[in-house]
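Got some structures for you, see below.
Both complexes below contain chain A, partnered by chain B and then by chain C.
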Partner chain A sequence: MINKNKNKQDFIWYSLVLVLILLPLIPQVAANSFTQHVLILILLYASMSQSWNIIGGYCGQVSFGHSVFFGIGAYGAGMAVVKFGLPPWPGIIIGALSAMVVAVLISYPCFRLKGHYFAIATFAIVEIFNRLFMVWYWVNGAIGLDYPLVEVGWKNFMWYRTKIPYYYGALLLFVIIFSTVRFIEKSYFGYYLKAVREDQETAEATGINSALVKLSAMALSAFLAAFCGAFFVQYNLRVDPPMVMSLQVSMIFVLVTILGGAGTLFGPLLGAMILIPLQEYTRVLWGGMGRGNDLMIFGLLIILIMIRQPKGIMGLVNEYINYKKSRKNVSTEANIKG
Partner chain B sequence: MPILEVNEVSKKFGSLVANNKVSFNVEEGNIVGLIGPNGAGKTTLFNCVTGIYKPSSGQIIFDGTDITFLPAYKVARLGAVRTFQIVHSLKEMSVFDNVLIGAYLREKNTEKASEIAEKCIDLCYLNKLKNARAGDLAIGLKKRIEMARALATNPKLMMLDECMAGLTSTEVKESVSLIKDLKNKGITFLVVEHIMEAIMPIADKVVVLDGGIKIAEDSPEVVIQNERVIEAYLGKKFSKKFQTAAKTVREVEEND
Partner chain C sequence: MSMFLQVVIDGLLTGMVYALVASGLSLIWGVMDVLNFAHGEYLMSGMYVSYWLGFLMNVDPLISWIASGVFCFILGFLTYKLIIHHCIGGPSLAALLATFGLSMLLKNFALNRFSPNFRLLTGTFLDGKRVILGNIVLPMPQLVTSIFALIVVFIIYYIIKRTRFGWAIQATAMDKDAAELMGIKTERIFALVFGLGGICVGIAGGLLPSYLAVHPEVGGLFGLIAFVCVAMGGFGSIPGALLAALLIGLVESLGGFYIAPVFKYVVVFGLYLVVVMFRPKGMFGW
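== the complex of A and B ==
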């Protein structure tokens, strides 16, 4: 039975990737750069949320500090291009590694706190890093980094006239991060994460070093979030502290995952598929009403769904599948009796 | 050769002394009961042994290793696992996954670990509930999941903290026979228990605590005759009444 579910999930995943690869071949998508923009953002936000999902969803440590790692990744790529005139790649690697180091350094003391207190501590971390980057002269402080004009192509990961390569870049990011989580979910590490989430004391009594599990989950999560940050800056061609290191960005990581279903593989994707179109199309329709319409609707949606099912949309989907299954069982039983 | 040696272990919380120089040994392959009235310090002692608390003084040796100040997970890795008095099942996960987590301690490969988990589930009579959500089950079954999870870590010593409290008499009987089965497989047990009917017939030795002090250590038959034990359970006044009543009964029996 477990094998059957596994195969089913494999099938959904591979067909999803195939569809995403072929999507730009559809003429409507190929011609409309706004649709492409929406798709890119969906993939980016899904990847961001999935990286958060490792520590926040599977391991149950709600971190509001992920914009810090996102920002470090963004600045890594930005500094390489703007200050050193290099392609972004070395910056991306250095950024991701430093995000990992920073994650370990700040989580080590924060993990002494449990539950809500941990979340509050990570709030503070975001503010600290925001201020720090605002006044840090070497990274241009509050002015931020503006990308120069460089040669287009994969070497610089930069294009001006087309979004299709960006789409494939985002897809690559998406596949890497989702595959990582897929792998973790099936390995002992995934089970250890869940055990720590459910009950730390039991986990310890079963021989799990919960501090180490949480730290490694945080490090991996930060590492992947930094890649997302690097993609964001390459796509945006500009970065300043409020754009990447702010509570607003942190909230994206958290809310998208929670709406979609924390601790589930497809939850982050579902969440992003709702938030991004909402954000982008309300901006088009009601732009004149000021910012924040999308977040108001999104907030309302979260409230409505959480009342029904705390496990988000994936929870609703699973509920429906179980309901169908039980109906099927009842009808087969009835057939046997009849 | 004792598998667990507890040497003069004391635990103080501020000025409150929960355990005062408690010493006893657990021999390999035995079932040792740790009993005492409420507040006797049984669970505190348990927590000291399993590394959740650090003892204020004293020494604990498990299988030749000094585990006095080791953290809980290292104690578990050495082969001394525990269950909790208040069940901490991983409630969002299925019964199978709960047990699988125990199995991963010795076997990181998912397939092999699944086989181990499967076996332990069979042993603990949880076969039919494999895919149920652990949080949905009744307390007796949750306690059995705890045992299955502990068992899956392939332990040398299992420490059960009131694993039968709150169970129906049928469930108690099942648990008792389960413990006996496992003992025959070579696992040593240290059992904290309130239910005397459950622990007395299976224990090879009983250690009695009262007010943080060890007041008796002997085989069950001897311990239940011990005056101080009766006093600890019934209080001085009732203990005297009990003694006189016992005496009269004996005299009547002798006269007959």
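== the complex of A and C ==
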């Protein structure tokens, strides 16, 4: 039975890889640059929330602090280009590594807190970083970093006239992060994470060093989130503290994952696939009509999904599968009786 | 020296308003273990109710806080009945995200209807009056609002500790199933607690527009500070929330004056982190 399940999962995984190989063709077909923009955002948000999923979904530590790591990654790339006139790549690496260090430093004390206390502590950290970056002169404070116009191409990871290379970049990011999570899910580390999520005391009793597991999950998660931040700033060509280091950004990480289904591999992708088109198309359709119409509808949708199925869209999918299964079981039972 | 006293008293006055907002949140958290993200937006709604009553009908905030309180009670009650009730069996994050959706809805509804302009109620009964004690100047609107907030916090505390309704709330918070066996209608208690949380924040919101401008984003920071107060005070503890709120008001005002205004919230949130390092469940938590 386990083997069969595994085969089924592998089948889903291979079909996803197939879809991904086909996906690069989409921008060639969809000449509309807005459609391309939506596709890029879907991939970016799916990657962001997948990186959150490692700590929030698999390990069960609900962090609202991921915008800090996202922002550090964004500032890493931004500083390299704007202040030092370099290609973004060294900045991306330094940003990601420093996000990792910051993640370890701030989460080590915070992991003593449980549940809502942990969540609120991470809020507080986001606010502190937001204010500090606002007045930090070296990173241009509240003015933010505006990208200069440099040569287009992969060296600078910058294009003005077309979005297609950005799409490939996002796809690359997406594949890297999803493969990492897929790898973790099947490794011992993934089981450690799930054990800590289900019951920390029991996990410790079986010999798992829960503090180390949580810290390394947080470090990995921050590292990947920083990459997403770097992509975001390269795509956006501008960064200021409220744009990357605010509770709104933190909420995106959480919202997409929870809507899709936390602790599942495909949850973040499903969440992003549903949330981002909704957000972008409501913005286009109703955003111009009046102030905040699109966000009102968006808020209402979040409420409705949460009321209908608190486990997210993956919960709905599982519900459907179970329903079909139970139908099947009933019919076989009837056959036996007949 | 008189400057120092002035700063301290200003901080305490702000802290008392925070205390009222936080005690509503603390109630909801303590009884249901739900983090109400829309709490700041309740405050904003209460402020708009009071503002429009004052602007259109010339009702003074000293009277219109009743209307704000009732409005926020209904808001809280409906939030429970329509949203939280359906999420409460699921993972704890579901309720949190649903209230986040609600906060987005309320905020953008206000933005849509009332525009993002800052609106301040002028020409109220207390407007421009002040009490002068030696070198210390206390503006009447702040003073009255803060003292009123403190009184309401004490009344809420009295209700929780001394009335049968309060005992029912405490019993529900301790053990929902046992409370049900004792004949307490826990569903009704939950809805009423949400309403009571709404009343607290509504009364605060009703009095505030006389000196604090109303705009759709006004709730954000208040909500955040209320979270921090509650977590610092400890799980569902109103005295804890009161103490934490006073401390936060004090630190905010001192930090803003003696360090730099931009750093005042850094100091506030830093203080929270320091406190929970020593008491992971808050000052009065267990």
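Odds and ends about this structure:
Going forward, the second predicted complex is superposed on the first by the 302 of 338 C-alpha atoms of A that agree within 3 Å, B and C clash if a C-alpha of one lies under 4 Å from a C-alpha of the other, contacts with A are read in each partner's own complex, and residues count from 1 in each chain.
What we mean here is this: a residue touches a chain if its C-beta (ideal position, glycine included) is under 8 Å from a C-beta of that chain, and two chains touch if they have at least 3 such contacts.
Treat the numbers as computed from the prediction; the structure is a model and nothing was measured.
When the two complexes are overlaid, the chain among chain B and chain C that reaches more residues of chain A is C.
Of the two partner chains placed by the overlay, only chain C lies in contact with A:I307; chain B stays clear of it.
By the touch criterion defined above, A:T202 lies against chain B but remains apart from chain C after alignment on the C-alpha atoms of chain A.
By the touch criterion stated above, A:V150 is placed in contact with neither chain B nor chain C. Residue ranges on chain A touching chain B, taken from their complex, read 1-2, 186-188, 191-192, 194-195, 197-199, 201-210. Those residues of chain B that touch chain A in the complex are listed here as 50, 52, 71-73, 76-77, 81-84, 88-93, 97, 100-102, 104-105, 108, 110, 113-114, 131, 149-150, 153. Residues 29, 33, 35, 83, 86-87, 89-98, 100-109, 111-112, 115-116, 216, 224, 227-228, 231, 262-263, 265-266, 269-270, 272-273, 276-277, 280-282 of chain C are the ones that touch chain A when the two sit in their complex. By the touch rule above, chain A contacts chain C in their complex via residues 62, 109, 112-117, 119-121, 123-125, 127-128, 131-132, 134-135, 247, 251, 254-255, 258-259, 262, 290-293, 295-296, 298-303, 306-307, 310-311.
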